[in-house]
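Next, two complexes with chain A in common: one pairs it with chain B, the other with chain C.
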Partner chain A sequence: MSTDGQAGVVAVDLAIPVKADLVVLARLTAATVAARAGFGVEDIEDLRLAVEELCLSLVRTDDDGRLNFAFEYVPDAITVKCCFEPQPGWDGAASGVVDDLSLRILDALVDEHGREQRDGKLCAWLRKRRAPSTV
Partner chain B sequence: MDQTFHITEDTSRPVPVVSASGEIDVATAPPLRDRLQALTASGRSTVVVDLLGVTFLDSTALGVLVGALKRCRESGGDLSLVITEPRILKVFEITGLTDVFPIHATVDEAVGSAE
Partner chain C sequence: MRLAAQAAGALDGVMAADEGRTASEDTKELFTELARTRDPALRDRLATAHLGLAYQLARRYTNRGEPYEDLVQVASLAIVKSVDRFDPERGVEFTTFATRTVIGELKRHFRDKGWAVRAPRRVQELYLELGKMAESLSQELGRSPTVPELASATDATEEAVLEALEAGQGYRTASIDATDRNDETLASHIGDEDLTMGTVEDRQLLAPAMARLAPREQTILQLRFGQGLTQSEIAARVGISQMHVSRLLAASLERLRKSVGTAEEG
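This part shows the complex of A and B:
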């Protein structure tokens, strides 16, 4: 975890092989970052599920490569970026197909999300703002 | 609450009840799919899936349940869910699946309704 050049921005990077049983690490990181950012339990649970769907929107479990995550938080929002980096020599491609259920879940749980090609890699991102305090 | 995924099956009731607990995600949904496929393959076209112990559920799990529901209905049966946890119900609500699945608050109620 690091505080980068931008004032108040805390960044956490995570890289995991594309394996079904390792996606939980992304959920765990999301929950930890959200807790540190002062998000409430409901928002943390929303973010855990949204990050899972972000992974599922990028790759199938038989894709060969890594998922590189960047979690960033400022006082009122968390941004999660995730890029699929294929294994060198692997001739497949990231699924690139977003399941309708994943899309509906992301639409409902986060404020913004999207997909893009970055340096030839398929990436997806989401942003969730912290709910205003009700106290 | 225990996050470890478990499945149990109770075939002593008039309708088989598959109970899942823990987190159902891309890693753990396949065993649930296999269990439900085995039930319909053995001729049990009406099934109750008890999700009372489930703490996390993603779109892979929803896909497994929707697939099982289709198989049950194609065979003339149905698939009912038992859910009370608001967190889990929310996933069904935001995907519009509360209008697709019969959802009950207890296993007894689901079994009684499915008989």
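This part shows the complex of A and C:
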């Protein structure tokens, strides 16, 4: 891990229970990493909304488990990955369907986003580039 | 909600023009025609056809202290703005462009008005200062300022700036609570009690009753319970005596109680 955004990758991991009032931690982490990376406040606001939307796109209303976030800043871009780690016995049949509005909102807020299954876990990610005119 | 249904119906009407084409192609064609003709009727038709998106996005960002109806209004105006500004030749879907515009307008609206969280006074004050400073720096720099720049300009720490931005946006569990999948919310299914939920429910219940109060009473209640000012501070700000503030608060609260009681019974 490096703390110099120009020289390498800044990586921060965060794990939270699926609790709505703890999503603030993910938003704040994203905002802090983005601030350290020199993003403008408009972009940081977008990133906050996008992180929240990323959670919404992953977790169903009755899911129980943990959300594992990985925030990475590489020069000029931030990547946020989020994987849902369900409690044992979780029935994933209802999960994995993302509503159009979430996708549309993510389209509007970030440069790239996607979803994937990783080690049997449902993951979603987004990437936002720093505005070219920002220092 | 009737308007949303009308909008959806209009969208179907627009998109079903030719079964062999995609909705996206139809939309692009209509926007190309609008760019060529500037036909007001077509402009209205396109705006109406996409009002459903305004309703969806407004619902997504409810529970942040602003009435849903206000958010719908902001989002709907943003749709009209999007129709006027959309360039079909840029290769972006209208819905993506419009979503970006609507979210931008909603963010601006919350920045100006949103106080869903009863943040500490120092945080509120810093947030207000940041809003002004961000605007001035944006003009000066020709871009959105960074957090270090804002911190330096307001003589605050970067952490304090981040805290104020978080609180100032009225964030809490808002959009997760507002998700409309199966009309259920994530929060409603999370085992532990969310201590802030009562506040949100109260706010939703209070909003219509608040709207019926006189503007000055609304202001005083907002200053007292929204911003946490003392009666003396409110008196100084509004330009009346502390005793008068006290009487107005008592009377307003009594009216709210009656109004909410009636609503609950109904």
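Heads up, the rule we're going with is that the second predicted complex is superposed on the first by the 120 of 135 C-alpha atoms of A that agree within 3 Å, B and C clash if a C-alpha of one lies under 4 Å from a C-alpha of the other, contacts with A are read in each partner's own complex, and residues count from 1 in each chain.
The rule is simple: contacts are C-beta pairs under 8 Å (C-beta built on N, C-alpha and C of every residue); 3 or more make two chains touch, one makes a residue touch a chain.
Since the model is a prediction, treat every value here as computed from it, not as a measurement.
Engineer: Could you tell me whether chain B and chain C fit or clash when both sit on chain A in the superposition?
Structural biologist: Clash: chain B and chain C overlap once superposed on chain A.
Engineer: Just chain B (first), just chain C (second), both, or neither: which does A:Ala20 touch?
Structural biologist: Once the two structures are laid over each other on A, A:Ala20 reaches both partners.
Engineer: Looking at the overlay, does A:Leu56 come into contact with chain B only (first), chain C only (second), both, or neither?
Structural biologist: Both partners.
Engineer: On the A-aligned overlay, A:Asp64 touches which partner chain: chain B = first, chain C = second, or both, or neither?
Structural biologist: Once the two structures are laid over each other on A, A:Asp64 reaches chain C alone.
Engineer: Who touches more of chain A, chain B or chain C?
Structural biologist: After superposing on chain A, more of chain A is contacted by C.
Engineer: Output check: A:Gly38 vs chain B and chain C. Expected answer is one of first, second, both, neither. What do you get?
Structural biologist: Once the two structures are laid over each other on A, A:Gly38 reaches chain C alone.
Engineer: Please indicate which partner A:Arg118 is in contact with in the superposed arrangement: first for chain B, second for chain C, both, or neither.
Structural biologist: So A:Arg118 meets neither chain B nor chain C here.
Engineer: Where on chain A do the contacts from chain B and from chain C line up?
Structural biologist: 20-21, 23-24, 27, 45, 48-49, 52-53, 55-56, 61, 99, 101, 104-105, 107-109
Engineer: Where on chain A does chain C make contact in their complex?
Structural biologist: On the chain A side, the touching residues are 18-21, 23-24, 27-28, 31-32, 35, 38-46, 48-49, 52-53, 55-56, 59-64, 99, 101, 104-105, 107-109, 131, 133-135.
Engineer: Taking the touch rule as given, give the residues of chain B at its contact with chain A in the complex, in rising order.
Structural biologist: Its residues touching chain A are 23, 25-27, 56, 58-60, 62-63, 87, 91, 94-96.
Engineer: With touch defined as at the start, can you tell me which chain C residues reach chain A in the complex?
Structural biologist: So the residues of chain C touching chain A come out as 53, 56-57, 60, 95-96, 99-100, 103, 107, 134, 142-148, 150, 158, 161-162, 165-166, 169, 171-173, 175-177, 179, 181-182, 184-192, 194, 196.
Engineer: Going by the contact rule at the top, pick out the chain A residues touching chain B in the complex.
Structural biologist: 20-21, 23-24, 27, 45, 48-49, 52-53, 55-56, 61, 99, 101-102, 104-105, 107-109
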